[in-house]
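In the two complexes below, chain A is the common chain; its partner is chain B in one and chain C in the other.
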Partner chain A sequence: MFFKVGNNVGKPSAGAGVRSRVQFGGARISPVVPFVSITPVLLFIGIFIFLPVGYSFLLSIQDYRLGFSTSKFIGLDNYVELFHSDKFGNALKNSLIASTATSFFSAGIGLFLALQLSSLRKGKLFYQTVFFIPVTATMAAMAIVWRFIFHTEFGVMNALLLQLGLGKVSWLQLDATAMMAVILLSVWSSFGYALVLFLAGFAGIPRSIIEAATIDGAGYADRFWKIILPLISPTTIFVFVVMTVRALENFDAIRVLTDGGPATATQTLSHLLYQEGFLFFRTGFASAIAIVFFLLSMAISKIQLIAERWVHYE
Partner chain B sequence: MKLKTRYGTAQRVSDLLILSVALVTVFPFYWMLVTSFKPAPEIFLPGVRLLPIQPVIENYKEVFLNSLILRYLWNGAVVVSLTLLFQLLLTIPAAFAFARIRFPLRDKLFVLIIAALVFPRFIAAIPNFLMLSALRLNNTYFSLIFPFVGSAYGVFLFRQFFKSIPQSYFDAAFIDGCTIPQILYHVAIPFALPVIGSYSIISVLTHWNDLFWPLVIIHTNKKLTPPAGVVHFASGEGANNYGAIMAAAVIIILPLIVMYVAGRKKFFENALDLQLK
Partner chain C sequence: MASIVGGKPERRAALEFFFQEVTMRAFFIKSCLVALLTMVTPWVFPAGTKEQAPSKPAVVTFHRFSTAAHQAYILPLIAAFEKKHPEVKIESVEHSVPGYEALAQKILLSFASGSPADVGQTGYTLVRTMVESGKAIALDETLKGDASFDRNALYKSMMDLGTVDGKLYMLPLGTSTPIMYYNVDAFKKAGLDPQKPPKTWVELKTAARKLKEAGYEGVLWGWSITGNWIFQTMLENLGGRIASPDAKSVDFAGPEGEKALSYIRELVEEGLMPVTKDLVATFTSGKLGILIESTFQRVAIPQKSSFEVRLAPIPTPNGDTPKVVAGGNGVMMHTQDKKLQKETLKFMKYIVTEEAGFIVAENSGYLPAARGAVATLRKKYPDDRNYSIVLDQIERVTPWFSWPGKYGTEIQKILMDMQESVFLGKISPRDGLNQAAEKIKKLL
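Moving on to the complex of A and B:
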C-alpha cells in the first residue's frame, strides 16, 4: 500500500495507540485519573453485586444447606422441587395478587389525586408532601402501627365498625382479610409515589394543547380521555412498573404486619426467600427462589419495553 | 397545567376529596402519636378516642428505660452517615470521569454500572450473607455499610448531572492549571450540591428504613438498627404494651419525617426529576 503512505506523512495524530486516548475536553490527561476515579466503585459493585449474583446461580444448582459440610451439585433439582412445592406456588400466587392489586390501586388513586391537585390554586406542594409522607416513613414501624389499628379487640378499625353498628372482624386472623390488610398497607405506602410521578408527567404536557382543545369545545371528560390520558401513557406504564416492582420487593410490611400468616395466606416470594434462606438455612433452595424472583422482575421490564413501543406517540 | 378554569362546585367537591384523602393518609401517624401519650387503661377502652383523657409520658419513659432505643438510634446514625459518606466518596469521582473524561472502554464499563441496577436486592443477599459470615464480618457495622457503598444509582444520577454542565466552565479552570481533582472539588461539586442533597435524602431514607438486611446479618440486640430494634421491642419486652410500642415507633420515625419535610422542596424538584430522565 505504499501509494497511500503519503497521506499520513507529517500528521502528528498518526499511529493510534502511541498517543494517549484519555482526554478531558480535548486535552490529553494522564490515564491514572479515570482509572483511580472509577476503580473503587467498580470494585465494590463487583464484590457485592456481580459476584453474589453469579454465586446465586451456582448455589441454586446445589444441595447446599448451611451448617452441613456437604454441598453437591444437583442440577435443576432445586427448581424442580420449587415448581412442585405448594409453598412456592402459594407464595408466587400471593406475590402476584398483592403486587397487581397494589399497583392498580396505587396508580388509580395517584392519577385521580394528581388530576385534582393539578387544578388547585395553592397548596399543591403541601398536599404532595402529605401524600408522600407514608412513602418515606419507616415501613417496619408503620406496619406495627397498622397491626395495632387492625387489632381485633383494641384496634381502631373495629372500634369504627362497632360505632357504625357493624360487627368486629379478626382482620389479621382470616386469610382474605389479612391479604386485604397487606394490600391496604401497601397501597397506603405507595400511592403518594404514583401521584408525584403523575404530576411530573403532567408537567410535560404543553398547556397550549389543553387550551386549544378547550377552545374547540372539548369537555372535561373528553380532555381527560382523549388528550391527557394518551399523552401521559408513557408515565402510566412507568408508574405501573415502579409500583409492581416496589410491591414485589415489599418484605418489611409483610414480615411485621402478618409474618406471612395466618399460616401462609399472605406469604409472598420475598418472605418465603427470607424464611427458607435465613431461618431454615436451605441455601440452595432459597437461591433458586432468588433466581426466579430475578426472572420475574426481568419479565416485568420486558413488558414495560413492549408496552412503551405500543403507546409511543410522536 | 390546568384542567378546569372555573372555581365552581366541581372545584369545591375536588377540594373536599383531596382533604379527606389527606386526613385518611395521616391518620395512622396521628393514631400512633395519640396512643403513645395514652395510659394503658385508656388504650383498652372501647370506642374511638381521638385525644387522650389524661395524657402521660410514661410510655416514652418505658421505652427509654426498658429498651436499647438510644443504642438503636446511635447504630442507625452511624450506619446511614458512614454509608452516605462512602457512597459520595466513591460515586462522585466515578460519575465525573464517566461524564467528562474520554477513556478506553468507558461506555462498556458504564453499561456494567447500569446492569447492576437491574438486580433485585434479594438475589445478592444470600451470597453476601455467606461471604460476610465466612469472613466473620457478620453482626458488625461493616456488614451493614459496605455492601451498599458501591451505589450504581449514585453513579448514574451524578453522571446525568455532570453531563449537563457546559464544558466551558471546566476549561477555564483547566487552562488556569487546575488538576482534575481540583476541578471536581472547586467547580463540579459546588454545582452539584442540590443533586447531592437529594441523593443524600434518598440514601438516608433507604438505609435507615431497611428492615430486611439488618434482620439477616445482625444477631445481637445491641447492634440492631432502628427498624429492627423496634420490631424486636414490639415482639419482646414491649409486647402488648401498645403505648410504649407506639412511643418507640414515634421516636424512630420522627428524625426522618423532620428531615423529609425540611427538604421537601429540593427533594421534589431534583430527585424525582432526575429519576424520570
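Moving on to the complex of A and C:
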C-alpha cells in the first residue's frame, strides 16, 4: 500500500492553509497527485478498451450492415435472435469444449515438462526455448502447415498410419477428429507458455521446505502432491485463466485449419463472430455476439478467480 | 566578415556578397521586387508555366484482388489503360483475400472507414449486396448516348450479370464457367482414352472406378466453390433451378436437387470422390484423375501440374451439351464525386473493350465480355484445344443465382454446409435439402 490517506481527510479544515494530504511512501502529497498520475493510463484504457466495448454495444442494438448507408435502432432484437438461434448454442458448446480441453492439456503438459526440466542440470534453457517457440509462431501460418499434416491424401498423419498398417483417417472431415485437430493445434501453441509460468512458480518455492520434507522421508509423489502443488496453486490458477482466455480467443487457427467445419462442427464463438460480421456483413448482430463473448470471458475468468479461495499462499 | 569566410580571394568575395550588411530599406525594396516578379511571371508567360507544371492526373482508387492469379491480368490491364489515358491514374488498393465475400467485406469496410473505394472488383453473386448497401452507382444514365460505349459489342448474358432490378451497376471484367480438368497420365494408366473424356454422369462414374483401380482418387466436383455454383450447374443440367428469379419460390429441394446430391454421395460412398475443399492442390498433387473446377484455373492448373492436363466440357446426366453457370467478377462504381465519376467511367468502359478483354483472357482463364476479343483469341489460338473448349462455352452461360436481402451470403453458406453434411453421410440428401430449404425460406 503506497498511498495512505492522512488523518485530517474527511474532517473539517483546521484552518486556512491546512489541506488534506495523502501519504506516499514517506512523503505527504496532495490528494490530486495520484489521480493526475493515473490519468494517462485511464485515458489509454478508456480509449482502447471501454470506448470500443461501448461502441460495440451501441452497434449491437442496431440493424446495421457493414458499410451500408442506413442503420435502424432495434433494441435487444439482435440478442433475442442470437439466443434463439441454433448457431449460438453450437458455437458456445464448441467454445467450451475447445477451451476446457486446451486449458487442461496445456496446463498438464506444461506442468509435466516443467517438473522434468526443473530437475535438469544442463540444457534447461535450450529445452525451455524449444518448447516456447510455438508460442511465438504466427498461428495462421502454422495452421496452414497443420492443415497439410492432417490432409487425407498427402498428410504426415495418414502417412504414419499407413506405415503402421492402419487405414487413412479424414481428420478434418469428421466432426470428432476435426475438433481434436483444433484442440491439438491449440495445445501445441500454448503448452510452452504454461511451462514457462510453472518454471517461474517453482522458482518461488523455498528450497528449505523441499529439503526438510526430503529429510523427513517424503518421496517424490508426496513432495509433488503435498508440497509443490499446493505451493504453486496461485500459478496454476493463473495458468488456467490465461490458457482458457487464449483458447476462447483462438480464431486464426480455426479459420485456417477447418474454417469452422465440417459444416459447423468446429465453429466457436470467435469464428461465428467473424462469419456474421465479415462474411455475412451483419455488423449489428456480430456486435451482439462480441458483447456476449466479452461477458462470457469475464465470467469464466471470475469463476476461476473465485477458486483462489482454495489457493495456498505462502 | 573576412575572418568568417576565409579561403581563396575569389571564393571569399562571392561569399561576402551574401553576408554583406543589408539596410532595412534595401531589404524591403528587394523583397517587394521578388514578390512582384513572382506574381507577374505566370501572367506574362502563361504558356511557359503550363509546360513546366502539367495538370495532375485524376486519381481513381481501385479496390481489387492481389493474389498471384489476379495480378497476372490486372497489372497489364491497368498499365495499358494508363498508357491510353494519361489523364487518369489508377491507384490500386490491393487485397490478398481468398474469396469474393472477403473482397466485398474490404470494399464495404472502405465505406465505413471514410476512405471509400471509387471503383471495386465484385463477384457476380454480390452485386445485389453492393446495390443494397446504397453505395453503388447505376450506370444507365451516364452511359446513355455515350458514343464510345457499344453495348451490342458485348455479350448480353454477361451484361445481365451486372443488372439489378433493371438497372446496370456492373461491367464484367472476367467470366468463368465450370469445366472438367483431367490428368492424361492417370487416364493412360487406368486404361482410359484421353481423347474420349466422359460425357455423361454414368461414364464419369465408370472412369472414376477405373482411376481408383489404378491407384488414383477418382473425381472431385468443386462443390465448395462459393456454396452453390456447381450445385446450380448440376441442377440446371437436370432441368431444375435454385429458385425463381425473384426468389419467392425456393426450388432446389425438388427431385433434381435430390438426384444431384445423391449422385455425388454415391461417388463418395464408393470411395470415388474425396470430400475436400482443397480442390486445385488435390488435383495438382497428381493423385486425382478428374476435377470439375472453374475455367479461371485454365492457366494456373497446368502450370502447377507435373503431368499433362486436358480440359473437356463437364459431364451432364445424358451427355447433352452442358449449360454452364457464369462465375467471375466485374467492376462497380462507388465514388459519389460527379467529376471523379467521369474518370472512373473511362476505366470501367476500357475494361470491356476488345483490347482489355484480350489482355484479361490471355493472362487468366477468364472469358472477356467483348465479342471482338473472343474472335481474336480464336484466330490467335486455333490449335489450342483446351482454350477452344473454354471459348466455346461463352455462348451458353446462364446467370449465377444471387440471393436477395440481407441474408444472401448466409444462404450460400447454408447450402454449402448442407452439401458437406450430405456428402459426409451425416444426413440423407432428402433431409438435407428439406432442412436447408426450410431455413432459407425463413431467412427470405
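In the analysis below, the second predicted complex is superposed on the first by the 258 of 314 C-alpha atoms of A that agree within 3 Å, B and C clash if a C-alpha of one lies under 4 Å from a C-alpha of the other, contacts with A are read in each partner's own complex, and residues count from 1 in each chain.
We adopt the following convention: contacts are C-beta pairs under 8 Å (C-beta built on N, C-alpha and C of every residue); 3 or more make two chains touch, one makes a residue touch a chain.
What you see is a predicted model, and the numbers here were worked out from it, not measured in a lab.
J.: Which partner, once the models are overlaid, touches more of chain A's residues, chain C or chain B?
T.: B
J.: On the A-aligned overlay, A:Val256 touches which partner chain: chain B = first, chain C = second, or both, or neither?
T.: Once the two structures are laid over each other on A, A:Val256 reaches chain B alone.
J.: Now for A:Thr264: first (chain B), second (chain C), both, or neither, which partner does it touch?
T.: It touches chain C, and chain B stays clear.
J.: Applying the document's definition of touch, where does A:Ala212 land relative to chain B and chain C: first, second, both, or neither?
T.: A:Ala212 sits against neither chain B nor chain C.
J.: By the touch definition at the top of the document, which applies to A:Leu295: first (chain B), second (chain C), both, or neither?
T.: The answer is neither, since A:Leu295 touches no partner chain.
J.: If we overlay the two complexes on their shared chain A, which of chain B and chain C does A:Phe154 touch? Say first, second, both or neither.
T.: After superposing on A, A:Phe154 lies in contact with both chain B and chain C.
J.: Once the shared chain is lined up, is A:Leu166 touching chain B (first), chain C (second), both, or neither of them?
T.: neither
J.: So, A:Leu229: does it touch chain B (first), chain C (second), both, or neither?
T.: So A:Leu229 meets neither chain B nor chain C here.
J.: Touch check for A:Phe281: first (chain B), second (chain C), both, or neither?
T.: second
J.: Once the shared chain is lined up, is A:Ile133 touching chain B (first), chain C (second), both, or neither of them?
T.: A:Ile133 contacts chain B only, not chain C.
J.: If you lay the two complexes on top of each other, which residues of chain A touch chain B in one and chain C in the other?
T.: 66, 153-154, 278
J.: For the complex, which residues does chain A have touching chain B?
T.: Answer in residue numbers: 21-25, 27, 29, 31, 33-38, 40-53, 55-56, 59, 66, 109, 113, 115-121, 125, 127-134, 136-142, 144-146, 148-149, 153-154, 156, 159-160, 162-163, 188, 192, 196-197, 200, 202-203, 205, 207, 210, 214, 220, 223-224, 228, 238, 245, 248-249, 251-252, 255-256, 270, 273-274, 277-278, 283, 286-287, 290-291, 293-294, 297-298, 301.
J.: Looking at the complex, which residues from chain B come into contact with chain A?
T.: Spelled out, the residues of chain B in touch with chain A are 1-5, 7, 10-11, 14-15, 17-18, 21-22, 25-26, 28-29, 31-32, 35, 43-44, 46-48, 90-91, 93-94, 96-98, 100-104, 106, 109, 112-113, 116, 118-131, 146-152, 155, 167, 170-171, 174, 180, 205, 208-212, 215-216, 226-228, 230-231, 234, 242, 245-246, 248-249, 252-253, 256-257, 260-261, 264-265, 268, 272-273, 276.
J.: Would you mind writing out the residues of chain C in touch with chain A in their complex?
T.: Chain C residues touching chain A: 101-102, 104-105, 107-112, 129, 132-135, 217, 274-278, 282, 285, 287, 406-407, 409-410, 413, 417-418, 420-421, 424, 426.
J.: Would you tell me which residues of chain A are touching chain C in their complex?
T.: So the residues of chain A touching chain C come out as 65-70, 151-154, 170, 173-175, 259, 261-264, 275, 278-282.
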